[in-house]
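Some structures are shown below for you to check.
Both complexes below contain chain A, partnered by chain B and then by chain C.
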Partner chain A sequence: MEGQKHRHKHRHHSHGVQTMDFYAYQSGLRQWNGSYKVLSALLILILCIGLNDIWVSLTVIVTVGMLNVIGNRVPFRQYVELMKIPIAFLVLGCVAIAFGISTKPVGEYRIYLKWFYFYMTKADIWKAIELFFKALGAVGAMYFMALSTPVGELINVLRKAHVPKLIVELMNMIYRFIFILTDVQGRMKRSAVSRLGYIDFKTSCGSFGKIAGNLFILSLKKADTYYDAMISRGYDGEIRFLEEEKKVTFVQIAGMAAYLIALVLIWYIGR
Partner chain B sequence: MTKHQKKLIVLSIAFAAAFGIVPQVNAMHIMEGYLPLGFCIGWGVICVPFLLSGFFSIQKKLKANRKNITLLAMAGAFVFVISSLKIPSVTGSCSHMTGTGLGAILFGPSAVSILGIIVLIFQAILLAHGGLTTLGANTFSMAIAGPFVSYGIFVLLKKLKVNRRVSVFLAAMLGDLFTYCVTSVQLALAYPSSEGGVAASAVKFLGIFAPTQLPLAIIEGFLTVIIMITLENYAQKELKDTKYLEEA
Partner chain C sequence: MAEEIIKIENLAYAYQTGTHALAHIDMTVREGEKIAVMGSNGAGKSTFFLNLNGVLQPDEGTIAYRGKVIGKKDLNELRKNVGFVFQDADSQMIASDVQGEISFGPMNLKLPREEVKKRVDEAIEYMNLNEYRNRPPHYLSGGEKKRVSIADIIAMKSEVVLFDEPTAALDPLSAEMLEEVLAKMSAEGKTLLISTHDVDFAYRWAERIVVFCGGKIIADGTPLEIFQNEAVLEQAHLKKPAMFTVYETLVEKGLVEDGSYPRVPEELKGVLK
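Up next, the complex of A and B:
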């Protein structure tokens, strides 16, 4: 527990590869059935995007947010940090929708810039606001899946959904190799930083490129070694993973059905 | 202050805010929930033939030598790690490479399409870059269009006997720029502007993402060149080994 706490503190405010992975493993919903979680998240996602209603979006943001903070045990501040990741795209994207450029004076609000007009129409502004919340709701729904289901389990769901064996196997391996390479890269970077390799922009670019090049060479060597290791342990073209059987309870299905129906009702009433 | 001046100030504040709060610049992943459902499905369907051809080419490589499986997996992991790293930037904002141009030069575009979609899934669920419903659109722009252009330019310049470093730079940079253009068009198709339709909207999206994407493309070009120089210096043998991965 002590170790976990320490790790937790350490990870705070970081956007590393480990952050979301870490929360998926410690989630309070870990014991729920993987397929159930993936399917629910996808259905919420589709309803949130498909119904395209600001009240549905706000409901999803709040409820899924609570589910993530309480159910998935992601500290509130960390969750806010996670929601901030796509904010740059979201703000720029919504600004692009709200504003228009035209050579003719159109729209309710406009400024004239010698050659063209910047204009905004009320409809466009409303569209941008709706989209802003819709996208945030969708991100929340995706986080519900990502923060409750470790990647191994997720890949297993894909396998059950008849994704080709080759892809499933590649995904399993890539997932493991990502952490190995991230670890190696982190150590290379630390040693470069301690030798003033990141002192200014030009040096940083050089160091970054050299580290990436070295990482590539190392990854090829490791690929060789790992294949030999797998063969020596009887690899015959398929890696078999054992999985805990997790049953779906009636309460879970009823709960999710009620939630989805509630979303549709909110849309229906607000129409 | 006249009403006109007030409006101008409000607008300029909105613009400053939009460009001021750019804490993280990703390589133009369309975020989760941004595209309407029809477009999500449409872009997914468009990707299918490319993914199938990528799948069959990978299958062929594995039949030739089963050992390629760990190599391919490492290649995917490498592209992911490269794209997850903060790259040096002048402004202090935190940006990422796409790494797909490099991947296309090293492994060939059809392998990158399959590796790319896997990398995009992991980017969505591990880093929250991109999303699940926008996977099709992102796959098309980042794992298909960009790498194919990169690879095409690289091969073309090689045939024209242009300096290797220049061709690597151009391949990576133009691949990145092409990804950014395709993404802008994808966004414009989904959200045409009320005046001027898709074309006007595409100009808007191109314009608004230009300040973040243009420097990124140039930096990506430079970094890819430095990586390739390192590889040419230290990994002659390994580069030759991956040659067989290059053929589509």
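Up next, the complex of A and C:
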């Protein structure tokens, strides 16, 4: 199966979401209980944001990063690639926080632009840096969840958390259909490309529109066959699947508790 | 003769668009039969299967399962006992992993959890899918998807299994695997109906061939009877199987004696000795 894995990796190279989906399935923590993973990620997230301490944020970034690279078996380079997307947004947001505009010369650092000043105060810079790391830690915690728990399991966790059935079933169908539709769309696009449908901008727009329209008709048709196939296996209005029961071990709970306590301690000492 | 398992009488079905997909079908299926359903595209094979499976309900006529006429309330009885492997495996799969997918049918049968688990394990074993157990459908190849879609039905333990063009779009290795599975299912006494365009496959595998044309059954008999009937072949646009033609040519040229028709190359070798 190595060859196939490689092929998928290659194919999904440029699509962030699909790469994450792929890693979730081969994660080393795949056999851990889904609820445990989701709850842990949420608690780390809450502590990281709630404690509001740069050392806690840094600890979370490093430890969760290690968990993702070692535990979830995401190659380090790929993990950095994945982190780049949120980092780009964070940098833009934090720069906006660090800088201020004023007509008077205020702040420790400033640039004079004839009519007004761009200025920064030390406090603002520090705030921006803190915020940057806090958000990055939070993203890391969410990545831990996304990279260790396939969507199917995540949906099961939501089901157990008593999220309404309709939403849970819809999520399941939507998840499955994303891949079917991207697959069909990919095939239509390739066939359009092979007939010079993307030769220039104008033609591209036309082809794109036609593919989108076709995709709509096709999805209606597919929905019909899907319904038939479900009926033929006795579907009666409720979708049920067998869920694997994954036990939470004492070591896992103790480990997570210790980690969370350590975060609180770091915050307490640093105060 | 084996017991009747499905008896279809005067079955008619028309789609909402007004096209008559099926008109006055009479047919009896006996336990353990291996039936190939042939006919060109649009001849009504898929519609026939959907009716047999209880997904579509006939406009006229009846379907009886083991002597019991299926009414509107018994449709689930039919769906439970007659499994349907769809042509496009992708449109049969709804779960986000193989195990969940196979469990869908048994879960709908409202079986206890333990029984569902047992059946899923058996079906996974049967189709040799163990390494894919937790994999989502979108990371499976075409052949693997087909195997999962067959495991779906095996887990339901249907007595009759319908296959809609199972050999279409399969690579030779997967097609070989499919024939092995079919042989195994026959050995277990399952009744199999397969719709196919592959005359060579039908000739080699089937005990009985039913030919559809324009929503009607125009011929029903052993492969030999069907492929010797020029009129039927022409009407349904069917070609003769290669093995069949080779043998007839050999007989014509006086190279072999007229006798039992060989179905596979090995049998032909036996005849030539």
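Rule of thumb we're sticking to: the second predicted complex is superposed on the first by the 249 of 271 C-alpha atoms of A that agree within 3 Å, B and C clash if a C-alpha of one lies under 4 Å from a C-alpha of the other, contacts with A are read in each partner's own complex, and residues count from 1 in each chain.
What we mean here is this: contacts are C-beta pairs under 8 Å (C-beta built on N, C-alpha and C of every residue); 3 or more make two chains touch, one makes a residue touch a chain.
These figures come from a predicted structure and were not determined experimentally.
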- Task: After lining both complexes up on chain A, report clash or fit for chain B versus chain C.
- Result: fit
- Task: Considering only the touch criterion stated at the top, classify A:Met188 as touching first (chain B), second (chain C), both, or neither.
- Result: neither
- Message: For A:Val151 in the superposed arrangement: first (chain B), second (chain C), both or neither?
- Response: both
- Message: Which partner chains sit in contact with A:Met230 here, chain B, chain C, both or neither? Use first/second/both/neither.
- Response: both
- Scan A:Val74 for contacts with chain B and chain C and give back first, second, both or neither. neither
- Tell me which partner A:Lys222 touches in the superposition: chain B (first), chain C (second), both or neither. both
- Message: Which partner chains sit in contact with A:Arg240 here, chain B, chain C, both or neither? Use first/second/both/neither.
- Response: second
- Message: Going by the contact rule set out at the top, does A:Leu51 touch chain B (first), chain C (second), both, or neither?
- Response: neither
- Could you figure out whether chain B or chain C reaches more residues of chain A? B
- Message: If we overlay the two complexes on their shared chain A, which of chain B and chain C does A:Leu29 touch? Say first, second, both or neither.
- Response: neither
- Message: Under the stated touch criterion, which partner chain does A:Tyr175 make contact with: chain B (first), chain C (second), both, or neither?
- Response: both
- Note on the structure: Shortest Cα gap between chain B and chain C in the overlay, whole Å, is 11
- Do any residues of chain A touch both chain B and chain C, and if so, which are they? 21, 151, 173, 175, 180, 222, 226, 230
- Task: Mind listing the chain B positions that touch chain A in their complex?
- Result: 4, 7-8, 11, 14-15, 17-18, 21-26, 29-37, 40, 55, 58-59, 62, 66-67, 69-78, 80-82, 84-85, 87-90, 106, 114-115, 118-119, 121-122, 124-129, 131-133, 187, 191, 193-196, 200-201, 203-205, 207-209, 212, 219, 222-223, 225-231, 234-235, 238, 241-242
- Note on the structure: In the complex, the residues of chain A that touch chain C are 1, 4, 8, 21-22, 25, 30, 150-152, 155, 172-173, 175-176, 179-180, 183, 222, 225-226, 228-236, 239-244
- In their shared complex, chain A is touched by residues of chain C numbered 50, 53-55, 76, 79-80, 83-84, 86, 88, 90-97, 99-109, 113, 116-117, 120, 131, 134-139, 141, 152-153, 156
- Task: Mind listing the chain A positions that touch chain B in their complex?
- Result: 15, 17, 20-21, 42, 45-46, 48-50, 52, 82, 84-93, 95-97, 99-102, 104, 106-107, 109, 111, 118-119, 121, 123-124, 127, 131, 134-139, 141-143, 145-146, 151, 154, 164, 166-167, 169-171, 173-175, 177-178, 180-182, 185, 198, 201, 204-206, 208-210, 212-217, 219-220, 222-224, 226-227, 230, 237
